[in-house]
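What follows is a set of structures to go through.
Look for chain A in each of the two complexes below; its partner is chain B in the first and chain C in the second.
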Partner chain A sequence: MISVKNLSHSYSNDDKLAVKNISFEIEKGETFGFLGPSGAGKSTTQGVLTGLLKQQDGEVIVAGYDVKKVQNERFNKIGVSFEQSNVYSKLTAKENLDYYAKLFDVPTRDSVELLRLVGLDGKENDMAGEFSKGMKHRLTFARSMLNNPEIWFLDEPTTGLDPAIAATIKDIIKEHAAEGVTSFLTTHNMYIADELCDRVAFIIDGVIKLIDTPKNLKLQYGQKLIDIEYTDNGKIVKETLKTVTEADRRRIGEIVNNHDIQTMHSKEATLEEIFIQVTGRELV
Partner chain B sequence: MKLLSSYFKEMRIAARGFYFYIELIMAVILLVILLVAVNEESVSKQKEFLYYDMPPAVEDYIIQKEVEKGALKLIEPTEFKMKAVEFEVENRETDELTSYEFEKEIYNLVTYEEWDPDTGKLIKTAYIAETEEQMIRLAFQERKIGATIVIDDSGERAFRYYNQGYETERLVNLLYILHNKLPEVVEASVDNQNVRKLGEVQTLNNRENLVPVMVVFMGSLMGFFIVVAYIFLDKTEGVIRAFAVTPSSVWKYLLSKTMIIITTVLISSSIIAIPVLRGQPNYPLFYLLLIISTFSFAALGLFISSFYDTISKAFGVLYFFMIAMMVPAFSYFIPSFDPLWLRYFPTYPLLQSMKEIIMVSTDAVYVLKTSGIFLAGGLLLFILANYRFKKTLTV
Partner chain C sequence: MLKNVFKIFSRDLKIARRDSMALVIMIMPVLLAVGLVFFVPGLNDTTVNIALLDSDTSEHVAYLDQFAKIEVFGGENELMDRVAKRDDVAAIIPDGNGYEIILQGNEPEMVENYAKALNALYEIGATKEETTAAMYSFGHTVSPVKTMLVNMLISMIIMLSGMLIAISIVGEKSDNTINAVNVTPASQTAFVLGKSMMGGLIALLSIIASLIITGYYDINWFMIILVGLSSMLLSLIVGFVQGLASDDVIEAAANVKMIIIPIAGSIAGYELLADKWQWTMYWSPFYWAYKANMLVLSKTADWPTVLLCTGMVLVLSLAVYFFSRPKIREGLS
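Right, the complex of A and B next:
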């Protein structure tokens, strides 16, 4: 559904690249995660893929359309949820969706139903300008589903939302995935990537470091870890140790022999820890 | 369809914002000023310099008759401080040039008020010069109409006018109609008179004369400024990015904005023009020019706003354009200030065209030509703006 070859992008149109020579393919029905810290180039990539940013280099095919050519009708198949919500503050939630629906040539979903889906029921006739940040974000998110998109671009879909609402949004994304919608999702939250994505790409400084399924990544890079809490001179100390390195194993034995163990858990490495291992950088 | 729904959406947003009402309230305020503060007749300020080219006895007889009719009223003589001056007068028929050279001096002129005996209203003040040269000099210095009154072969009074020189033939003819009143006389006069250049022709009353200025600045300036304000409101909200990922095109978005401005301008201009001018203007031309000029200035606004992401950054440029647009108003009100370069300011032909439209005898060709040029310029700016907007979208 999406094919990107050797894509680079520079905002200043010079050799200062926000995205450097990236390539990837997204299959139909796949949820593809772009995971990386702030400024990595996630939104820039989405911008080129959605045609908001001019494609300068490489080859980008989305839903069978070459992005370089201006073919507005491709947007009938595409839904875009923006990182920064952008709705008309002088229109009500419902008016925002109803107006937007008229811009498509394909059947659109009922605005009231969509608002209910994202937990904005009862707010249909409130001005979007009076909405909280999270509510505006949900309205932007709801708007991206209006045209029943085959390809769905989600830039940080859950950032800044409270956990309950984030869970609702995640459920909606999962339902769409089950229905066969192809999604391109950017996030710097590894839990989201882990939970929702069939495959993830690690991107940092505009470069894709690797692409794989979360499961494979964990198998490949994830060693078992052990969290130990013990008392040392009356103080509680916590340590996380790997089960595979010699030094750590010796240290575990040492603690068990010499200290009073409070708790001891074994756990799998998270995607975040793998990210740090692979890129040497944290996801902030 | 998409354009229409965008238009209705924009209209709804406009109706909920305050720019829309600013413009309407402005229109109402201007109308009230026109109707209350500007005297419709207000020709009392109008001056006319006359020279009676006939034996003094005949002159006295004619004037006496007018005074008895109540058409003329003798008032205090008026003092004119004349500057030293040199100028030329061209005779339209013979192309003959007459040069004049004068020293500084003071004239004390017999002054009459001209009244309309039927309505009892003051029409203008007439100053009676002692020589034709004196009259020409006065008309030249004061930038007013000058006329020599002669008795023609049939014993009728006829006028030899002096005007500025850039008036059209049609306007000059109009002058005869206004002053000689009788159409039959007009024909004869137009053929026989020597028409010379000098002075200014006033065929609109003061109230009417203000309408073109208000309507033009309402359309161009307000349209320009408000479209920019709307665009920056949208830029802050980022809605244009949402629009850019729909099957609808950016130009429809831009055009829907422009249409809102045009709607607002049509309403506000009508508020001013209709009560003041009633049936006088050529309304099809009036609205045509208004739509086209507002479109062009809105396109200019769109184009400029595509270069900036906040209104505060755009302020300098906006100010420059707004001031530049206002400059032709000086020439409109001060006929002696009419340098050639001023005619290249877009609002200059616009003001002249509006004036033409309001006048009884409209020069439709001139108005259509102006409209055509504005349409071409507007379309070009609109295309450029569309290109710029597509280029400057961000994620």
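Right, the complex of A and C next:
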């Protein structure tokens, strides 16, 4: 559904590249996470893929359309949820969705149903300008689903939302993935990426460092650890041991056989720890 | 694309109705037109008003009626009240064997002299047919002052259409909605046309309403609409450029107001410069628009002249457009 080959982009049209010769493919129905800190090149890549930024170099095919050629009808197949909410403050929530719905040439979803889906039921006739930041973000998210997109660009979809609403948004993304919608998710939140993405790409300084599934990354880069708390001569002792080294495995057996175990937890590396390990940079 | 142009136009119109500044801009021309009619005495009338008593002779009334607007009153008190009103009226009442002219005192000297001369002509029994002067006419049938004021109002409406666009663009920027439209099948051209339609149509309706209110019913409407549409082009371009360059509504309105300098300069140039210096204003599309409107409003326009003026407006406006196009496209991306 998305094919990117040797994409580079410079805002100043010189050799200062925000994105440097990146390539990747996204299959139909896949949720692809594009992860990196601020300024890594995530939004630039999404900008080129959605046509908001002019493609300068390389080859980008989205939903069968060559992005370099101006073909506005491709947006009938694409939905974009922006990180910064963008709604008309002098229109009501329903008027906002109804207006955008009329710009598409394909059947669109009912605006009231979409508002209910994102928890804005009862706010249909309220002016969007009176909404909180989180409500505007949800309205922006709802708008991205209007045209039943085949490809869905999601830029920080849960940023600024309370945990309950964030969980609702994540559920909606999962439901769409189950229905075969291809999603390109841009985020610096590794927990969201871990939960939602089939594959993730780590991007830093405009360069993709790796692309893989979260599970493979954990297997490849994570060290499996076990935290054990046990009593020894009436004292509580705590040890963290690796499951992959022979000496630690023997020590685990010795503790289990000879001591009263209080707590024992297995622990695997998070995507964030792996990102730091791979790129040497934190996700700020 | 037409569907999207109309949708964008409808949405802009809905938002404009909810924006107090846009609403003021939309209503202001009509209020000014009403103000011109009600508060500028004699705007619709370039003849002298004369008040007479109904006890006067019918010959006197009929004679004066050929040369002035006559109002007849039943008594002296009513007549005095009429003279005391704010517009300029000279009362002529019989006094013994002669007549007495009564004035409020603040009338132009011309009114006083005209009343005196007219009554003197009656007293010596002069008629129009006795004149030895040959008659030649420029064919102007409308008051030049009124035409100038209404033409200035049209120029202001054209400036306001740019201001409406600028306010709308600033609104899009502050709501961050331009990108959201850019990821729909609506093209940038549809977006620009939809917005222009809002500013253009409101301005056109304001021009028509203002002309009807000020009494210009029998002008050539095709000509006035053609000139109005062409002269709006530049204002719309300025509206887009300033809207995209401004961060808030006040800044946008202030920037668009700068267009009043070439507009005022063009009007002053047309009205004040001698014929041999008129060419110095040929660079200004507002000059050509003002000139064309002046001819249409004074009912002396012919199609070749109107088409020449409109053509000049379009050529000059398109030159500005091609100069500004990169900025507009960049701002809308």
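Following the convention adopted for this analysis, the second predicted complex is superposed on the first by the 242 of 284 C-alpha atoms of A that agree within 3 Å, B and C clash if a C-alpha of one lies under 4 Å from a C-alpha of the other, contacts with A are read in each partner's own complex, and residues count from 1 in each chain.
Everything that follows uses one rule, which is that contacts are C-beta pairs under 8 Å (C-beta built on N, C-alpha and C of every residue); 3 or more make two chains touch, one makes a residue touch a chain.
Here the structure is a predicted model, which is why all the values come from computation and not from measurement.
Q: Which term applies to chain B and chain C once both are placed on chain A by superposition, clash or fit?
A: Result for chain B and chain C: clash.
Q: For A:Thr44, select first, second, both or neither according to whether it touches chain B, chain C, the two together, or no partner.
A: First partner only.
Q: For A:Glu195, using the defined touch cut-off, is the partner it touches chain B, chain C, both, or neither? Pick first, second, both or neither.
A: neither
Q: With the two structures laid over each other on chain A, which partner does A:Asp212 touch: chain B (first), chain C (second), both, or neither?
A: neither
Q: Classify the contacts of A:Glu83 with the two partner chains as first (chain B alone), second (chain C alone), both, or neither.
A: A:Glu83 contacts chain B only, not chain C.
Q: Counting clashing C-alpha atoms after the superposition, which of 92-100, 128-136 or 308-316 on chain B is the one that bumps into chain C?
A: The listed stretch with clashing C-alpha atoms is 308-316.
Q: Mind sorting out which residues of chain A both chain B and chain C touch, each in its own complex?
A: The answer is residues 50-54, 72-73, 75-76, 78, 80, 82, 84-91, 95, 99-100, 102-105, 140, 143 of chain A.
Q: Taking the complex as given, what residues does chain C use to touch chain A?
A: Residue positions touching the partner: 3-4, 7, 11, 14-15, 18-19, 171, 174-177, 179-187, 333.
Q: Would you mind writing out the residues of chain A in touch with chain C in their complex?
A: 50-54, 70, 72-73, 75-76, 78, 80, 82, 84-91, 95, 99-100, 102-105, 140, 143
Q: Mind pulling up the chain B residues that touch chain A in the complex?
A: 1-2, 5-6, 9, 12-13, 16-17, 237-239, 241-249, 391, 393-395
Q: Can you name the residues of chain A that touch chain B in the complex?
A: Checking each residue of chain A against chain B gives 43-44, 46-47, 50-54, 72-76, 78, 80, 82-91, 95, 99-100, 102-105, 140, 143, 155.
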